[in-house]
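Take a look at these structures.
What follows is chain A paired twice: with chain B in the first complex and chain C in the second.
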Partner chain A sequence: MTRSNLALLVLIACVAALPLFAGPYALRLGTIACMYAVLALSWNVVGGFAGYPSFATAAFFGFGAYATGVLLNDGVALTLSVVAALISSFALAALLGTVLLRLRGHYFAIASLSLVEVLREFVNNATDLTGGGMGLNIPLTSGSGILADASFFFFAMWGLLLATALVVIAVSSSKLGFGLACIRQNETASNMVGLNATLYKSIAFGLSACFVSAAGGIYAAWVHYIDPSDVFDILYSVKPIVMALMGGLGSPFGVVCGALLYLGLEEVVWRNYIQIHSGVLGVLIVILLLFLPHGLTSLRTSMFWRKAKHV
Partner chain B sequence: MSEILRLHRVSRRFGGLTALREVTIGVNKGEVLGLIGPNGAGKTTLVNTVCGVTPASSGTVTFNDQDITRLKTYQTARLGLSRTFQIVQPFAEFTALDNVAAAALFSQPGTSLKSAREEARAHLNFVKLDAQADQSAATLTLAMRKRLELAKALAMKPKLLFLDEVNAGLNSAEVARATRLIHQLAASGITIVMIEHLMKVVLNVCTRIAVLHNGQLIADGPPRDVIKEPAVVDAYLGQQYAQRNAAHG
Partner chain C sequence: MLAVQVLINALLLGCLYGCIAIGFSLVWGVLNVINLIHGSFIVLGAYLAWAAYQWLSIPPWFALAIAAPLFFGLGYLLQQLVLNRVITAPVLVTLTLTFGLDLILNNVMIYYFKADYRKLTLSPPMGSVSILDVVVPVDRLLATASALALTGLLYLLLRRSRIGRAIVAVRLDRDAAVLMGVDVKSIYAIAFGLGAALAGCAGVLMSLIFPISPLTSATFLGKSFVVCVLGGLGSVSGALAGGLLLAFVEGFGSTLFGPSHAITLSFGLLIIFLIVRPQGLLGRKGFE
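Presenting the complex of A and B:
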């Protein structure tokens, strides 16, 4: 276990202490923080490890939300519904990956973006199953009371974050992670040394989808009502990429830091500049990326480096 | 001598361009075959076609009595076909050690990362890169990267090794060093097919030469005979080389 992976687990453990100190608002924020971290960590598998800039996060978020929502309406238990969403999205993404991941760079980005639109249209038109544009009401699943409800979903999302982090750490130090790093650096050479790049990329795409779907499922149960424009929001695709860039591409610890930083910025800016919050947030992100192109995790090493130069 | 590789009437077309035209050739176990010809003759395409990078448009490729015409690149790699690239293809962010470890790891399913790294060290030793093992591949000189390519190819435990211009861009001391390595490889029993423009190296190392021109095989045989053939002199070597060669005997 590397130091940065250990730091990641410590950070996640710290987040779990939140309910001890805070009320419903902080719990809501904590739940979103865990959700963002799951999204960013997942994106990092295909975008950071394998180097394929996917915009499909929103597609699998929406897929998970609707799969869970429909199952909950059929009376299936929450845990089972979320697990079903997780497994089916892994299979769906891995299958789609064998086709989509033949494209590279911008072309892959556009193709993955179109996946969001395709699924949104599908949900919009499958009115009998999903309620179409009218949205889908989801029965209450947790206990009564605002605070009990808030902490239940906080811990659900936190548990998912922990599971995601453990899987991502396992991947990063395994043969799979090594292979994905090879693919990112030189796919031709990867094939030539006997690496089945198509298989590895598909697994990576599946892994980057399954936890996102589970997060979508928990989100759906949490908010009790979803509609296509909410859960297939393109921002769910863009935000994880911004978080990963802010935190430090490729490093699981950095990506989670990026997610927390992003959420902090988003919340502060939204509170103070309610009329122009998107604009201010955008400017802040551009400034951050301009002056810290390798993300937060580069801060420490670059400071050491400077010190060494002066000595 | 038994054959390890056979191409039977292999053609490869890229749209209107026919890069390989009905090439039929065999490679014997243990020999060092030199593949020469002018630029654009189809030498690299031939290697790519055998390795599955650009599959044959028609014809068949057989490797150790197995039809590999339609196999993917990673599958041919696992069968024991390995190659170096004319333009070196390192994993730039990895250390030299991990570059070679990747080759050992993925070419033999079931290898662990740890044992692959141990194995990689031995191969780096062989190509005299042990001092650079922990340096990132991006920082190596061209000559070192070429040797790294070779170490990667060897880590795949090849039965047949394609060397695509391993000497291009090297100075004469480096060429001498690379030539010694090739001799050692051949002595260890690996069958080698090398694409090479330096005739001095070809004549020094190869036991047989095949000449490609416009995608067709125009000569095939012992080195001393092939370089005297008028078709080869016209297409590739040139009259000057032939005269000089005749003068030196």
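Presenting the complex of A and C:
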């Protein structure tokens, strides 16, 4: 295990201590922090490791939210519905991946963006199953008070984050991670030397979808009401990218730091400048891309570490 | 008779869709940038027409003449000052950057115009003409004619003018164009300016037909995606063909399955086209 992966696990362990000395508001923030970290880590598998500019995060977030919501309404237990959402979205994404991941660059980006539109419209039109544009009410699962509820969902999201981090670390140090890095650098060449690129990419796409979908499921159970324009919001696709760019593409630790930092910025803007919050996010994106192209990780290495070159 | 009416509607709408997408296609083709601000530019153009008519009683036809240079300048500056810095970066970076710019512009519009839907209503209304039970609103007919005129103008510009040939040359082979003495940076800025100007003009025309709000920018952007992929990048005729195909699919799709399925249908078609025929109906490498 590399030093940065170890740091990631330590960071996640520190987050778990939050309920010991914080109220419901901090727990809410902590839950969102874990959710964002799951989204960013998952996006990193396909966007950072394999180098495919995926905008499909929102599609699977919404898919998971609706799958879980519909199952919960049918009286299925929460854990079971989330696991069902996780498995079905893995299968769906891997299947879609074999087709969509044949596209490259701009075309893949547009196809993944359209996936969000297609699923949103699908949910919008399947009124009998999903409630359509009216949204879906989800029954309360527990009911043992605000604080107990808040800490329950916090730990659910935290557990998911831990699982995601462990899988991502396992991927990055396995043959799969190596294969994805090869695909990022030169897909044609890696195909030539006998790497089954389609299989690798599909698994990566499935992995990047399944935890997002589970996060969507927990989110749905947590907020008790979802509607298509909320859970299929294209911002769910863009925010993980911004987080990953902030923390430096490819490094799981950097990506999670980016997610936490992003949440902090977002919360400050939401609290103080609600009317212009999306504009501020835009300014943040522009500044980040123009002046910090490698995220904050590059800032650290270039500013505080001076290594001797060409020794 | 219904079929003929749907056909005529689709023809009229298709030309407008082509006009919406053509600036987007130009920027994508020449700069290799997916310009996500395009939708907001269209909405801004629509607001310009609305404000000009409401406050200064300038009719939309003259608003076109104001919008074109204004948006050209805006696009030119945006490209020179912001996008040129990352023009060689991977897709992810340029795409996210234009998304950020779009968030800013859209937020500014929501702040000043609010999220209410508005519609430019001409007074007196222009009425409609009917030939054998087929009814065609005059304002829509005029908007379509203007869209075709704009498209033709762009075609002539790319075909006949020196700058137009330079744009095509950069699109075909950037490095060779540099060797031939083309100033690629300024061509990029001009192409982006043209794309913005076309978006602004398309917005002016849209204000006559559709209700506008900052929230509709995503719809226009989505249509541009679909039109570009269906018709194929790389030609004015491709954008028109894509626009017409999209309008036919939407028109007949909503007549057969109900209007709520039109978007699913068009995006489903988009994904199928991306997989089966990514170069589109008329796609090829050069831009005219």
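By our rule, the second predicted complex is superposed on the first by the 300 of 311 C-alpha atoms of A that agree within 3 Å, B and C clash if a C-alpha of one lies under 4 Å from a C-alpha of the other, contacts with A are read in each partner's own complex, and residues count from 1 in each chain.
FYI, a residue touches a chain if its C-beta (ideal position, glycine included) is under 8 Å from a C-beta of that chain, and two chains touch if they have at least 3 such contacts.
Source: prediction; values computed, not measured.
Touch criterion met: A:Asn124 reaches chain C, while chain B stays clear of it. In the superposition on chain A, contact of A:Gly282 is made with chain C only, not with chain B. After overlaying the two complexes on the shared chain, residue contacts for A:Gly179 are found with chain B alone; chain C is out of touch.
One of chain B and chain C touches more residues of chain A, and that partner is C.
Of the two partner chains placed by the overlay, neither chain B nor chain C lies in contact with A:Arg3. In the superposed pair of complexes, A:Thr188 makes contact with chain B only, with no contact to chain C. Shared-chain residue A:Arg271: touches no atom of chain B or chain C.
Counting contacts by the rule stated earlier, no residue of chain A appears in both its interface with chain B and its interface with chain C. Chain C makes touch with chain A in their complex at residues 28, 32, 34, 82, 85-86, 89-93, 95-97, 99-108, 111, 218, 222, 225, 229, 260-261, 263-264, 267-268, 270-271, 274-275, 278.
Contacts from chain B toward chain A in the complex involve residues 51, 53, 72-74, 77-78, 82-83, 85, 89-94, 98, 102-103, 105-108, 112-113, 152, 155-156. Every residue of chain A that touches chain C in the complex is listed here, in rising order: 47, 53, 99-100, 102-103, 105-107, 109-111, 113-115, 117-118, 121-122, 124-125, 234, 238, 241-242, 245, 275-279, 281-286, 289-290, 293. Contact residues of chain A toward chain B in the complex are 174-175, 178-179, 181-182, 185-186, 188-197.
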